[in-house]
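Below is one structure, written out as structure tokens; the observations come after it.
Naming follows writing order (A, B, C, D and E), and every chain is counted from residue 1.
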Amino acid sequence: MAKVLMKGNEALAEAAIMAGCRHFFGYPITPQTELAAYMAKKMPKIGGVYLQAESEIAAINMVLGASAAGKRAMTSSSSPGISLKSEGISYIAGSDLPAVIVNVQRGGPGLGGIQPSQADYWQATRATGHGDFHLMVYAPSTVQEMTDLVALAFDNADKYRMPVMILSDGMLGQMMEPVELKTANATDCPIEKPWAACGHRNSRPHNVINSLYLTPQALEELVKKRYEKYEVIKKEEQMADEYLTDDADIILVAYGASSRICRTAVNTARKEGIKAGLIRPITLWPYPAKYIEKHIAHAKAFLCVEMSMGQMVDDVRLCVNGRKPVAFYGRTGGIIPAPDEVLNEIRKLTGGVK
Amino acid sequence: MAKAIIDETKCKGCGLCVAACPRKILVLSPDKINSKGYRPAQVVDQSKCTGCASCAIMCPDVAITVER
Amino acid sequence: MKRLKKIIIICGHYGSGKTNFAVNLAVDLRKQGYPVTLTDMDIVNPYFRSSDHSEMLDSKGIKVIAPVYANTNLDAPAIPAEMYSAFDRSGYSLFDMGGDDAGATVMGQFFRNITGKEYDMLYVINGKRAMIENVHDAAEMLYSIESASRLKATYIVNNTHLKDYTDAKTILESMEYAEKVSEAVNLPILCTTYPVSMIKEQEISATGGIITQHLYPVEVFVKTPWEVN
Amino acid sequence: MAVVFQKPQALLDVPFTYCPGCTHGIIHRLVAETIDELGIEGHTVGVAPVGCSVMNYNFFACDMVQAPHGRAPAVATGLKRAIPENIVFTYQGDGDLAAIGTAETVHAAVRGENITVVFVNNAIYGMTGGQMAPTSLPNQVTQTTPYGRDTSYSGHPIRVCEMLATLEGTALAQRVSVDNVKNVQNAKKAIKKAFTYQIEKRGFSIVEVLSTCPTNWGLDAQESLQWLRDNMIPYYPLGVYKDVGGTTK
Amino acid sequence: MSTLNILLAGFGGQGILFLGKMAAYAGLMDNRQITWLPSYGPEMRGGTANCSVCISDDLIGSPLVINPDILVAMNLPSLEKFIDKVVPGGTVLVDCSIIDKKVHREDINVFYVPATRLAADNGLPGLANMIMLGKMLKETKFCTENALEEALLKCVPPRKADMMELNRKALKIGSEL
């Protein structure tokens, strides 16, 4: 298919439709609103459902309902809205329901601002709601990847029966790039869902979707079973992209928009004769530890760059586990770090600048 | 002849049926104690039962079946 | 200690030690050879309740009746119909009411089951428990419990303690507090308890004070998980 | 002799875990009888709330989804939009529907969401042990209004049916009670009408059922019904507050 | 030069984002890598608006243009904000019907285009942006002429087909200056 120019938010929406999503429940918030607007325009034409909920809380629970009925369902929001959705996300995880949730991150805390940010990393990977559970988290860095990862997110949500998040940011949501939309023939229920609460038609016992378990023992057993599944995911689903890492002395680690900045900085550093490279995590949970592990022996130092005060750097340090220095550089509040600033940090690590 | 049949295992002895019966033929058992140690409702004079099902309509535990 | 009626209702401010006292009394009465039933009426507190000790009580031959969802993950306060049976059982029937008037309200629905029957209602107090350390507050609490449960207390149980910090002095000094409460609400004191694993009776006399109340040794059953053994 | 009254098929053969005399059981039965009579069990999905009836998914024989506190109308919206050929109902208490879930309730009605809401109002929080509900009466003593609900301080009770009747999307808003045989029979008719309206795609239907809480009211089962009659019905008059009318069945 | 970084800046309502979209599409039609990134204040209209466009033969790293090769400035605050960021040897287009200030840098090529006035004089209200684009094509050859025509077809929606000729006219005015 020919390439077309699309905004990240539009690309996410179109990709979801192509992945078979016919149920989208949203609530406007900058900078993700185009996604909802795109769905509102497109869904009625293809027999799908776009519904503007009365709040983010209602939207995520509508997703819970549609997913419980066995359909591919999605919602999207930006940082403050994700905080509101966290209750529903916990219930979805606790009920073993698939769902795709998009966070087009903006600056925080509180109302913060509408400029791009990556300050919801902890929220996405550590505690998107109460209780012991994980989401799979994908971090696209190009508009093309926004589309590719949405399809994967729906597939894995169904496969593992769990919520999956696309953790994007305002820059990726708002920017345009050429996109090749891969034709897909997915339906809104591509796999058998014998567990779905869609009316038993007098042909099976009633299905119950719930997250309440009467005894602590039963609850512990179920949570442990879920964690066994998480172990499989950790083994099977780690994804990262590497750029000039094979001979690198300084390895940058960055995801999403900041990885784009880092790529430019790496190129400039190479021109200066500094052997810099970049690991770009695509899955944030499971964290792509094996990609970092490969390079611990030869790298002299790691530099984690984020649009936050330093959140993913925790995971980099857990992987490196003290074997090599791990430095951090970040801007926050909606400010995107400039390639020059990152280059400066690279120079500092190589001893080029005192 | 009508009949109200009370399932003693489901009856919780709340007495709502006793109050609802227009013929006043239900009581919480004065002498019988069920397996869980409390007094279930019972029909004292089945012959007076009209099968109106008032008892069953007010029973919160669906413990009463009525035949007519 | 005075002989009590066959129906014994134990009430008090939550955290005063009602449950621990109820469990001790149940074990004690059972040791004396009576059939004993202990009904956990506490639908208010999810933790530290008499039905937590069901296994131990069971092994001693004490019948325990608990709310439907006691010791589960659900906090729905469902009362099982079996609770009606507690008013009809042979031997002693103890009711561990939930704390405060909230716990006492649950008893309200059993009003008809208890009318015409003789009972003792023991008001458990703890002079070291915040919110009832003041005599006036302790009296107020009893009145609200009595009106919610539609029953009248018959004795005071002085269960003053400070958990691990309880010593002979705590016990001795509490007697004055108990007497003041007794005077305020016009009820006799049944006993003053002391934790037998921590304090010997002689230690209390050795403080030099005058023991004016019947001393009742209690085991500490209600424990946090890290206090076990 | 013929059986004239028995347990409906849409109730599983599981004993209710409610307190003796709690009228949840009557209301469950009315919903189940309705499902039986309309022959819709196989394509009905119920949504359970958070509250004493949280476990009603164990009692109803149709498919069930348990919702977060207050979110049942949103969950039901998602279900209904996903499987519109099915009948979707929520079963909610006063805290769930009229406090934490007010927005979800009002907006489901605003949208004319084609779902049925069974709203059980007993003027108190049962599950957490007798605290003030949005529908607690003026001067009612609860755990969190120990001196009686002072409306100048804690606000006034919500009359849900009256409020929802003002909305275009509401097809049926009716308040009923289960305090005596006649009222139970009326309640049944209202619930059946609400489900029928959904089948006829008329929009949002709600039946508010005045109910009891012997345990937290501190009254026995019969006293509780009397308390309902003496205190709740005067404040929450029974009746039809909105009915688009002309049902074909 | 493998990557061309373009920064377009002005008030909201001047068609800055559309100008960027045209430039980006033109790059796409030439089969090159491109990115388009808007930046605006919380207010949707009337505030400052700017837009980063990158056109490259390789994968584009940062889509955010900090040091532009080409700057199009359509109001004074934009010119003052970005003029020192332009790379040496870069090109700056100034709408001199709105900005009466001169640029003092010697190491860059500056073109003063009275785009807003020309648009008004030629009955092309709101198309000063296209006049600037025509001039930008002439001075930088950032894309092929054919690509720009194709971009126009992509960017002007069919329901506004009557706008097509007006846009072409504005581009022509710019490219002939």
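The rule is short, and it goes like this: contacts are C-beta pairs under 8 Å (C-beta built on N, C-alpha and C of every residue); 3 or more make two chains touch, one makes a residue touch a chain.
Owing to the predicted nature of the structure, the values given are computational and were not obtained by experimental measurement.
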{"item": "For chain C and chain E, chains touching each", "value": "A"}
{"item": "Set of chains whose contacts include both chain D and chain B", "value": "C"}
{"item": "Remotest chain, chain B as reference, centres from CA atoms", "value": "E"}
{"item": "Most distant chain from chain C, judged by the mean position of its C-alpha atoms", "value": "E"}
{"item": "Inter-centroid spacing, chain D versus chain A (mean Cα positions, whole Å)", "value": "39"}
{"item": "Centre-of-Cα separation between chain E and chain D, whole angstrom", "value": "62"}
{"item": "Where chain B and chain C are represented by their mean Cα positions, the distance between them in whole Å", "value": "37"}
{"item": "Between chain C and chain A, distance of the C-alpha-averaged centres to the nearest whole Å", "value": "55"}
{"item": "Touching two or more other chains - residues of chain C", "value": "69, 74, 81, 84"}
{"item": "Numbers and ranges of chain A residues touching at least 2 other chains", "value": "212"}
{"item": "Of all residues in chain D, the ones touching two or more other chains", "value": "18, 20-21, 54-55, 214, 220-221"}
{"item": "Chain pairs that touch, as defined at the top of this document", "value": "A-C, A-D, A-E, B-C, B-D, C-D"}
{"item": "Chain A to chain D touching residues, read off their complex", "value": "23, 25, 49, 51, 53-55, 57-59, 61-71, 73, 87-88, 91, 95, 197-203, 206-212"}
{"item": "Interface residues, chain D side, partner chain C - complex", "value": "17-21, 51-52, 54-55, 126-130, 143, 146, 214-221, 223-224"}
{"item": "Chain A residues touching chain E - in the complex, by the definition given at the top", "value": "3, 5, 30, 113-114, 171, 174-178, 260-267, 336, 338-340"}
{"item": "Complex contact set, residues of chain C against chain B", "value": "80-86, 88-89"}
{"item": "Contact set on chain C toward chain D in their complex", "value": "43-44, 68-69, 74-79, 81, 84, 98, 101-102, 104-112, 144, 148-150"}
